[in-house]
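To keep things clear, I will list the structure first and then write my remarks on it.
Think of it as A, B and C in the order they're written, each chain with its own count starting at 1.
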Amino acid sequence: MNYTLKHVPEREIKPRGKGITMVMDKGLSINEVENFLSVAGDHTDIVKLGWATSFVTPNLAEKLKIYRQAGIPVYFGGTLFEAFIVRGQFEDYQRVLDKFEMEHAEVSDGSITIDHELKCEFIRRLAKQVTVISEVGSKDEAKIIPPYKWIQLMKAELEAGSWKVIAEARESGNVGLYRGTGEPRMGLIEEILTQIPQEKIIWEAPQKAQQVWFVKLLGSNVNLGNIAPAEVIPLETVRLGLRGDTFNHFLNGLDLDIKL
Amino acid sequence: MNYTLKHVPEREIKPRGKGITMVMDKGLSINEVENFLSVAGDHTDIVKLGWATSFVTPNLAEKLKIYRQAGIPVYFGGTLFEAFIVRGQFEDYQRVLDKFEMEHAEVSDGSITIDHELKCEFIRRLAKQVTVISEVGSKDEAKIIPPYKWIQLMKAELEAGSWKVIAEARESGNVGLYRGTGEPRMGLIEEILTQIPQEKIIWEAPQKAQQVWFVKLLGSNVNLGNIAPAEVIPLETVRLGLRGDTFNHFLNGLDLDIKL
Amino acid sequence: MNYTLKHVPEREIKPRGKGITMVMDKGLSINEVENFLSVAGDHTDIVKLGWATSFVTPNLAEKLKIYRQAGIPVYFGGTLFEAFIVRGQFEDYQRVLDKFEMEHAEVSDGSITIDHELKCEFIRRLAKQVTVISEVGSKDEAKIIPPYKWIQLMKAELEAGSWKVIAEARESGNVGLYRGTGEPRMGLIEEILTQIPQEKIIWEAPQKAQQVWFVKLLGSNVNLGNIAPAEVIPLETVRLGLRGDTFNHFLNGLDLDIKL
């Protein structure tokens, strides 16, 4: 830190089991990755190459190398997994993971319909090869999953071998965990938390108001995902109570006095 | 491509007659242009220096050189053309095009009222000097042009020598082709397409939902414009059915089977 | 300028007493600062390191050096001042300003409640050390300050030694000067201007429509703040009547004629 402030909430340090910031890279150039890491690398725990952007970006191998050198794990977005399996190319996907020396992979069903037992079998298979992150929730705003079902799915996926489960919101933050307006489905989130340990969940929260909402609910060390690269520093200040939005939240109960 | 997926829609290759992505540069630095081209150059067909931003950016000649070296045509936004002609400086504008060795120019009337025959005469004159792109539609949300008139204007401008016509939406995507909410004027667009070949039209579509809407209506190789530099890779995945939004659209009718 | 256009409004030149563009840097990397300055440095008068982002960015000293070399003053966002004084660490804050050789500082009460006489005393103290900019208005959308009170606060702070006063809007532009929708509180702004010289006020105006609104009300040389780095060039075109939004505003009354 550049200077010392009293009463700043304590943050987990890397490698963090909780308080994770998962960043979405949706097509950064090599220099942009370097810029991003130079300022926000310490506050970034894991990077997702959004959906199937890795199919069209020409800089894939070099980009993976830079993230690797910075000690930051990377994985391909779940839509890429779905694009392979819907075409009957699961083994090709496994070869792609090997070819690019990936150590993490996402298993999701946001764009396809798949029997949940089969999804869990994919998790089990991939868990032998890499660390699996699995995602629950549909990208289709019309598909509303009731809370008990979210819990059932999350439990089964963690048992099948997922390291963590991601709660879906898309890049835009208006499906899954959120209403079309971006407002969090509070009842859903609270019910999930009665059954699943919060360290096991990464909440996709691309909008600032959503990040603030989760930090107020679960504290500085909540796991948040789909953070845009330029928003990692702002999010870190939200976690520390150093932005207007959470400024007073973290001061409550302290015996403070403003004086010259 | 970094790996092989079956059943991915075929994209035109450069130089593309259709399936064009027109990008708006509204003041990138030299390094930012280089970053952008390093990752999205292959998916960018033509670049517009938005409205009259070229008047205030200090890096104009160098920027043009970099785009030229990458084989990507560049043109000044139509508002610059309008700024010159409204001041009676058309010949000055022609000299500016020569001075900067421009090979394309836009003719538009988004901010001014001009007799259409005179607009077509400007197109004819400039077409002797450069490749002309002309724009139809007002930047003023109160000026609603009925569909038959859009068609009449587009036809006359193509006959006057425009290489392609651009359908107006602004940087924000809430006028011209779209309602104030950003929703496409479907009836307008469908009626235009009964009379004007789609290869001749570049649809301004700055918002993701608008891009998705056009790809679903007209396929992977629709011409789209006013794309932000950082959105070229995401758009390319939309064109290929590799983002949630168009994922199922391109799989319909294929006999696919998810299996381990 | 890259070419000559007649009838372009005259802009103040640096160092500007009015027509100031205050930019918000919310965590740029060193290269991003260099990119930004290379294209927009001439149009940037002062930079704010947003709220307490300086606490978490690892590049602080180097960043300050680059801005200094470019001749652009920098200051820490007011939330950082508030974070220090709410913890009883005002003297620590003064030492931080010295350590980083800051020449400007912001005094604000956007996130805290503080007796106004005490706020003015902070201004008086800091004005002995640096050039003080003070901010009026709450970040809390529920706290509506009536116009006469804005005027009273601004007057007292200018008398206490503020170089300029900033009218609050946040990074998002939906509090203070604006309604929740982002629409300017016109009556408030007009009443303030009956009592406070406009050169003494920097209006936070992060949204394009807000910038356009102020340029139309107060002309090219209005002081505007919380401008995103990538929006400095676009704003400059708005100030000059070279973007659709203000194109006709600056041509009114001129005797112009469109001709070939």
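Annotations
Rule of thumb we're sticking to: contacts are C-beta pairs under 8 Å (C-beta built on N, C-alpha and C of every residue); 3 or more make two chains touch, one makes a residue touch a chain.
Each chain and its UniProt protein: A, B, C = Phosphosulfolactate synthase.
This is a predicted model, so every value here is computed, not measured.
Taken chain by chain, the contacts link every pair, so each chain touches all the others.
Superposing the C-alpha atoms of chain A (Phosphosulfolactate synthase) onto those of chain C (Phosphosulfolactate synthase) requires a rotation of 120 degrees, given to the nearest 5. Chain B (Phosphosulfolactate synthase) and chain C (Phosphosulfolactate synthase) have CA centres that are 34 Å apart. Shown for chain C (Phosphosulfolactate synthase) are the residues that touch two or more other chains, namely 31. Taken in their complex, chain A (Phosphosulfolactate synthase) has these residues touching chain C (Phosphosulfolactate synthase): 1-7, 31, 34-36, 38-40, 42-43, 208, 230, 232-234, 236-237, 240, 242-244, 247-248, 251, 256-260. Those residues of chain B (Phosphosulfolactate synthase) that touch chain C (Phosphosulfolactate synthase) in the shared complex are 26-32, 50-61, 79-80, 82-90, 92, 96, 99-100, 110-112, 114, 118, 121-122, 125, 139, 170, 172.
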